[in-house]
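Several structures are given next for inspection.
The following pair of complexes shares a single chain, chain A, combined with chain B in the former and chain C in the latter.
Right, the complex of A and B next:
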């Protein structure tokens, strides 16, 4: 009985709501405003995705329409390919270095320069400068820095009277060099997020802590960082998604070399899919990248929002 | 959501931009008033070469007032990635630049290329040597016509080899080369410079060695899966020889981070005695050198790639064969123009201007520099001209060949593994 009434009430409220929306014009607003967005989204996001998933089942070089259906062969080859393993591991390293080196560095600097003074403004600008540079330009600049023949590295070693080193052609050091550049390139961006958040921390909390006798490090650790947790969560998300997308810096620095040891998933996709005209194979890599990105984004959002609510 | 696709979108934007520019320029050319138009797509070239095409077009248009010919240029890498899309669009050119080989085969099999067998019968094919036409021949049908050939050999700085007491004239075999490397190292001279960062310059070693060892027939047989395909003895041996050579440490330090351009400049600056490169590097190397003078002519030699013991391809040459193909649906005027562009007189003119080593019989007489003539001689003496493996085997297998060549030179793979990787890429092309 009670159940029936409740469902009846529920039903009535639903129809009421629809009727109210129709009368208030909200429904027509939805009908008018939603389709353009939906069409654009399906046309430029969903459709290419479905296309890529479809192509990934074919051995196809981009000529004509795909006809040589190979099933899951592209995925099998992809997962067996040692260069793909390297690319995955490199991408993981980028995520780790972004989270464990770049973010703490950015946070530390943000804590030093967040107050509004002219000197701080200058430092903020200097720290933010790398982020303003175009990625390709930054990659080229650093390939010059690391150059063992004519670059800054060469000059340093010549001044010391030593044989020059060739960082970017060294299997062991090429990727650490890239990671350094990526930290250098993006820490300013994260620092800016933290500065904005730190400036929003009520000053009386900091004052109160200081009156209680807290030292600056304790204030940062127990007051400021907990207060900007939301900013840390957002910047962490950007750091992870950004790491999955790294491409423009690697191409001018090493182009994935030496011996394909510095590929990320995206440069791998580009070299082995697009430049080699293996569109089917490249699509399979793209699908894997997409699934990874979605999975990470989903888990990250779910876990961090849950923490945020608690 | 859109954020995840950002890198892809970035490419697409850039690639689309290239396409848009191509489309816009092509559209612009269509607008010119003429009864019929012929659009030619060419990889970006030097201004001298563009001027050459402009002159040829002007002459042709003067003879055929009703035909309008337009040349379009796209940068090398963009050309390779855009071509499949362009050929499938309504904006496909009538004539396009081609390297022959597997790339052309893909285009032919997809039905984009006009068969030139019949038109070339009528006294056209005879202008060129057999090997030039065969680069564009698939299963007995001709799908393209040659423009110029390139040949890979060692550029030698004799000022440096003389210091090490090396007789360049007597440098004929692979053992001679290895001995020369040792002698140069003893004198503290960098024996060889290579632009390995670009991949393809290192592929010259593996490719030329494979050509020497297996011969053109052996490579053809490997393509057909005979004698174990690319895992056959000759290809493993090519890897072994490259690896043994690399163990002598003949290359400049940090060779994996040197581009072709820099290697070419370093040779021009006299920083190394040898440079395995195409015959085209004469002017580029000079222009890229610090002085702008390069290695003086009296100290510069261009020699053929050394022969190897028991090589089936010791009389073969290794290099490029570049030409044009005509798209299906292109007008007969397009074929007529192509025939005009590639006729003997225009080939001679290209030689006279020193643009490239043309292929038409007799046109090498016009070549100005001894180096271009040397290249022409190597081609003339050769019984088979093997096209670069990174082109003959198609984009994908070619990239693998470049990769394994660099890996072998660095000693991070074994010759057997390298050969298997090529075979695997060939199977899955």
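Right, the complex of A and C next:
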């Protein structure tokens, strides 16, 4: 009996030791592998967002520590600033153009080139090309295209016998020109998302519809588009969040001008917050941008998932 | 409409769109060979005289190579760091369940919803207070931090699909978690490493806002900053500017054509799988 107990004790201590090793192995793995990500993410993503909310309550030029507490004054000034209204409205226009012009264009083209043939592959690559170019480079190329003395639009006006229009310094035309460039730059990205989804639609469905006598347009509308709803929802989300962040393209094209008419939220935040070292004021704009992004993400997700269930 | 007519119309439409897409890029390439006077009368078509002087002037200017070198270093470091740090964290979430692991994962994925620009002002202050302004790290570390959420999401999805039996077998043979990560998980994950790596590299290569805010020293400029600097110096000498732009986008285009499979997967993969 004593022997039995001893062996039982021995057995348990062995399993304990193994378990202990497993636990300590896990623990050391967690303690080595996880902290770098946590520290980097907290330090450079979460903390700055918290800081933005804090700074927005101060009038502060960024030197020393913020001490001049002004409450909601920065937000009041922001909401009273007509340039900020323009920036909000321009950002809204970018969202609308992305959803109503860019996405349908991308979808139409995706339907034309989604089948795997060599020519289609070539067209796909060409359409995707602008997406990989840096925004600044694209902006500079298009500033040339729209230049009133040298550009391609100038050449067209001359060919028509009209006086040249300086598109990017014209109140009426500057922002539509920017929207054109944005559609040019990003439609290929959305097209690629749709192509990936269209290739996943079972071919039997498309064939069955064709045998029933459906025309290509009807097949697209009643079979393919409903089948890729998820891709449309995802690309719509990307279009909105992307539009909220447009900055790089505007700087080389108009830098927010003429007379501050082409600002977006981010160029506004940069020009009126950072360039002039109004850190408190700029932070208020950042908080507005952040809240807008979260609100849109929340609202969008709720509505699209509800629609998906119906 | 019969099938042939429809197909012809389709191809004509596609060629039309393709020329609108390519036109500005070709005009830029051609423009770099022209004199400014020729550019004024002929902004779009082939140059009358293929004079490589503008291109040569830029290629023999040390600044151009310095900008490209800076960008290459920053993008490579960002890519390496994101892959290592992101994969390490994702490995923990895929392999080890512990109290609070789900919450920590959700925390790290918060970055998927935030617009980067919303953090740029305090990020400037933070980088300055850490004494990192005008250093490569001022760009590399925040870029890595902002890329982590997507990287962790994609890595974890991939690691979850790796066969569980493999880990159990290795574990019985005395392989530790850390060694398994290094010798099995990473080598088995090359497709997703390539996808995420390409995505991170391209994002970093094209980034403008962050370097603009944290780099003042011209010798550290990345190429988008260098290009804006160049444009500021040459103003309306469009032939020089176009040559510069063409030379900076050429590596991107060549890289794209060479590795298009990974690039397309990398740049759209996050959205399709996510």
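The rule is simple: the second predicted complex is superposed on the first by the 263 of 310 C-alpha atoms of A that agree within 3 Å, B and C clash if a C-alpha of one lies under 4 Å from a C-alpha of the other, contacts with A are read in each partner's own complex, and residues count from 1 in each chain.
The rule is short, and it goes like this: a residue touches a chain if its C-beta (ideal position, glycine included) is under 8 Å from a C-beta of that chain, and two chains touch if they have at least 3 such contacts.
Not measured: the values here are computed from a predicted model.
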Which of chain B and chain C A:168 touches, first, second, both or neither: first
First, second, both or neither for A:125, with chain B first and chain C second: second
First, second, both or neither for A:270, with chain B first and chain C second: both
Dominant toucher of chain A (residue count), chain B or chain C: C
Contacts of A:304 with chain B and chain C, given as first, second, both or neither: neither
Touching partner for A:258 - first (chain B), second (chain C), both, neither: first
First (chain B), second (chain C), both or neither touched by A:59: first
Chain B and chain C contact sites that coincide on chain A, given as residue numbers: 41, 45, 48, 62, 147, 149, 241, 244-245, 247-248, 266, 270, 274, 286, 290, 293-294, 297
Interface residues, chain A side, partner chain C - complex: 25-26, 28-30, 32-34, 36-38, 40-41, 43-49, 51-52, 55, 62, 109, 112-113, 119, 123, 125-137, 140-142, 144-145, 147, 149-152, 154-155, 184, 188-189, 192-193, 196-197, 216, 231, 234-235, 238, 241, 244-245, 247-248, 251-252, 265-266, 269-270, 273-274, 279, 282-283, 286-287, 289-290, 293-294, 297
Interface residues, chain A side, partner chain B - complex: 41, 45, 48, 59, 61-64, 77, 147-149, 163-164, 166, 168-169, 171, 241, 244-245, 247-248, 255, 257-260, 266, 270-272, 274-278, 286, 290, 293-294, 297
Of chain C, residues touching chain A in the complex: 6, 10-11, 13-14, 17-18, 20-25, 27-28, 31, 36, 39-40, 43-44, 84-86, 88-89, 91-92, 95-96, 98, 104, 107-108, 110-111, 113-126, 128, 141-142, 144-146, 148-149, 152, 176-178, 181, 202, 205-206, 208-209, 213, 223-224, 227-228, 231, 236, 238, 241-242, 245, 248-249, 252-253, 256-257, 260, 263-264, 267-268, 271-272, 274
Chain B residues within the chain A interface of the complex: 1-8, 10-11, 77, 80-81, 84-85, 87-88, 106-107, 109-112, 197, 253-258, 262, 394-396, 399, 403, 406-407, 410, 412-413, 428-429
